[in-house]
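These notes concern the structure reproduced below.
Lettered A, B, C and D in written order, each chain numbered from 1.
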Amino acid sequence: MPRILLSGFEPFDRDTVNPSWEVARALDGWQVDGATVQAVRLPCVFGEALERLDAALAVGERPVLVIGLGLAGGRTEVTPERAALNVDDARIPDNAGRQPVDRPVVAQGPAAYFSTLPVKAIVQALRREGLPASVSNSAGTFVCNHVFYGLMHRLATQAGLQGVRGGFVHVPALPEQAARMPGMPSLGLEMQVQALRVLLQTALTVQTDLREQGGSLR
Amino acid sequence: MPRILLSGFEPFDRDTVNPSWEVARALDGWQVDGATVQAVRLPCVFGEALERLDAALAVGERPVLVIGLGLAGGRTEVTPERAALNVDDARIPDNAGRQPVDRPVVAQGPAAYFSTLPVKAIVQALRREGLPASVSNSAGTFVCNHVFYGLMHRLATQAGLQGVRGGFVHVPALPEQAARMPGMPSLGLEMQVQALRVLLQTALTVQTDLREQGGSLR
Amino acid sequence: MPRILLSGFEPFDRDTVNPSWEVARALDGWQVDGATVQAVRLPCVFGEALERLDAALAVGERPVLVIGLGLAGGRTEVTPERAALNVDDARIPDNAGRQPVDRPVVAQGPAAYFSTLPVKAIVQALRREGLPASVSNSAGTFVCNHVFYGLMHRLATQAGLQGVRGGFVHVPALPEQAARMPGMPSLGLEMQVQALRVLLQTALTVQTDLREQGGSLR
Amino acid sequence: MPRILLSGFEPFDRDTVNPSWEVARALDGWQVDGATVQAVRLPCVFGEALERLDAALAVGERPVLVIGLGLAGGRTEVTPERAALNVDDARIPDNAGRQPVDRPVVAQGPAAYFSTLPVKAIVQALRREGLPASVSNSAGTFVCNHVFYGLMHRLATQAGLQGVRGGFVHVPALPEQAARMPGMPSLGLEMQVQALRVLLQTALTVQTDLREQGGSLR
């Protein structure tokens, strides 16, 4: 059966849980539109995260969809990312203590890749289901963007992966994290999992994205 | 069986749902520590809201606890309020089109009443359960504060109500509301209901509040 | 010549500057409407701050106006405070290492005092001059609120001070502070000083405050 | 004498002032490091803004530096932008009523261009002068990003412009704008002008940017 690769990250920055992995794990084995979700847990480490992703891409048949998930502390909504930048610039050390500054993810790679997910249709579908969502114009410059860029580069350049749709989605903190960080917005795990179900279904069935505004003034 | 009066508001400001009433309704009839929750739906109207509360206070036996719930759009946490001010100052019209400015809730009433809930113990209990919570130092100056002040004035001055514990708790928007208002933080209904369960239990069992800091620099 | 007492605080929380004192100092000796500003620098210490204020109130003739200034890091506007609460609840230690929790400012004092400044007229006058301003409904529970409450209590209860107008105004951080704290909003010192000039003039000349909404929904 | 092209925008979104143009205008004719600032006022209109920029680039000698300025309402700091995306996605109509959705700025252009300004050195220099500043990872998808991308494309592809340094800088609202929009952060015009002086000098004198972290987790 065709597979959907869905990655999440291990906890980072001294936390003990990462909703991106909790969501991916909860959907492992879930079937949608004739495909099955395969969850992959990535280390929050520059370089190693992409090695783990490469291993998952290499074993088994060509996926129909590859989506990376990551935590965006401070966001209130599920946010499909629009574009990945070819830069690593770490504000804090990663889980291996590395803190690259202004280095390309891929030497000689293009400055950016756009998501090939139908991000507008996804946001519309999520909102219709009562799930908070917006398009994001920046995936940051930490390991999330690193994986997003690395993924899109592989999908664009590796022979066996061309034409595979892919992208990255940031999710809010969990309420249990917010309970330890006063003022932090959150979204419950069940809502996040339900959002990813809607998102995967939309990504599999909508071929041409909506022409609906979702931009930002700045 | 002793009763706990738990009020919530009808929707306002052109919205179609108000989590404060959804939470109260969900707990109507719930039994805790030998008492039963009685949910009361208040109109979002200055004056009329207190008349409806008075009616609920008058019918039946003296409650063991009276808590008002209200929506605080923009907040991320369940926030027990510390104090009610003796002022009505409406930024928008209420549901009857009234917009009082700088009028006392109770003429000749004291400037403020403090909640008699153990707000620090409540916040600690909620956080321990993984539910985001903080003490709030301002209930605003709209119908929420109006009901909070009016309630505390009744508990302080009406013969049959003296000694009854009471207070007010603001809750965040629901995810379905946030789905219509990009950027708005939210907390799922089940989490809010669970938070109120923990809160009611704490309010019934903790007699002396914790001496734990919960203040604000400004 | 009649005097206006204008207090500001020394730096706190490991900072090296406090705009509240910089503003007060800049206006020391300034004359407006036949009165002269007398700046007073308060220690950021519970108790001692009020002792210093008492000393300034005691020496010299009865002031025509007494206004406390304090820093509210995170605010974008000059914010006249509406009410002071009778509670000390310190989130961080003060400059003497004290961290009172849920203690009254004045034992047996009323729960709150309202500012006797024309806060609505002040906000309107500031905005007309292109200076960002809003009414605030909470002065927090740290040394700022402590001084605000202590001041209003003295103006309400001390024989020689009755009828003297008073209040408290929070100001934003300075740009130089924001330069050390990424994301912190700020307002330049000259703007802050100009705002206080407009504020003092308005407080001296407007006897009855505007009936203009300035409330908050929560 | 060599020229620095510094563009600002006309007001938009029903406002009457735009700090980006006020800053550019204030620096028109200012000399720094042997070069003179030439201010250019751009219409806030997709397409026309770049036509106006083209006209300014075409007349006169090759500039040594080209910087676009734009207003980012809601930001607290002067923010040099890191990258421009090849997308127009307007959340509101521009000043000609156009609202493009998900169209490339330049058909067949690369997905993004990086600023060639030393953005880390600029942020460090600004902070050292007590001016709030941060690197931004998204210039949005409105006319600002449109001009930024169009500019970098011209500098990268037009024979006479290759090697010319360029970039884009967002500035906060002015206090007078914040006075009309409660809660909006601002930075005074003099501070903004001073920030641009420091920024231009840094851009002219620092050849290799600092290797200093300035990234974002998301």
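Quick note on the criterion: contacts are C-beta pairs under 8 Å (C-beta built on N, C-alpha and C of every residue); 3 or more make two chains touch, one makes a residue touch a chain.
All of these numbers come straight from a predicted model, not from anything done at the bench.
> Strictly by the touch rule at the top, which chains does subunit A share as contacts with subunit D?
Under the touch definition, subunit A and subunit D have no mutual neighbours whatsoever.
> Give me the chains shared as neighbours by subunit C and subunit D.
Chains in contact with subunit C as well as subunit D: not a single one.
> Averaging only over C-alpha atoms, locate the centres of subunit A and subunit B and give their separation in whole Å.
Once rounded, the distance between the two centres reads 38 Å.
> Take the average of all CA coordinates in subunit B, do the same for subunit D, and state the distance between these two points in whole angstrom.
Comparing mean C-alpha positions, subunit D is 47 Å from subunit B.
> With centres defined as the mean C-alpha position, give me the subunit B-subunit C separation in Å.
Inter-chain centre distance comes to 30 Å.
> Residues of subunit C that touch two or more other chains: which are they?
none
> Judged by the touch rule stated earlier, which pairs of chains are there in contact?
Inter-chain contacts occur between A-B, A-D, B-C, C-D.
> Subunit B touches which residues of subunit A in the complex?
For this pair, the touching residues of subunit A are 76-77, 126-127, 129-134, 175-176, 178-180, 182-188, 190-191.
> List the residues on subunit C that touch subunit B in their complex, please.
13, 70-75, 82-83, 85, 87-92, 99, 101-102, 110-114, 120, 137-142, 144, 170, 209, 211-218
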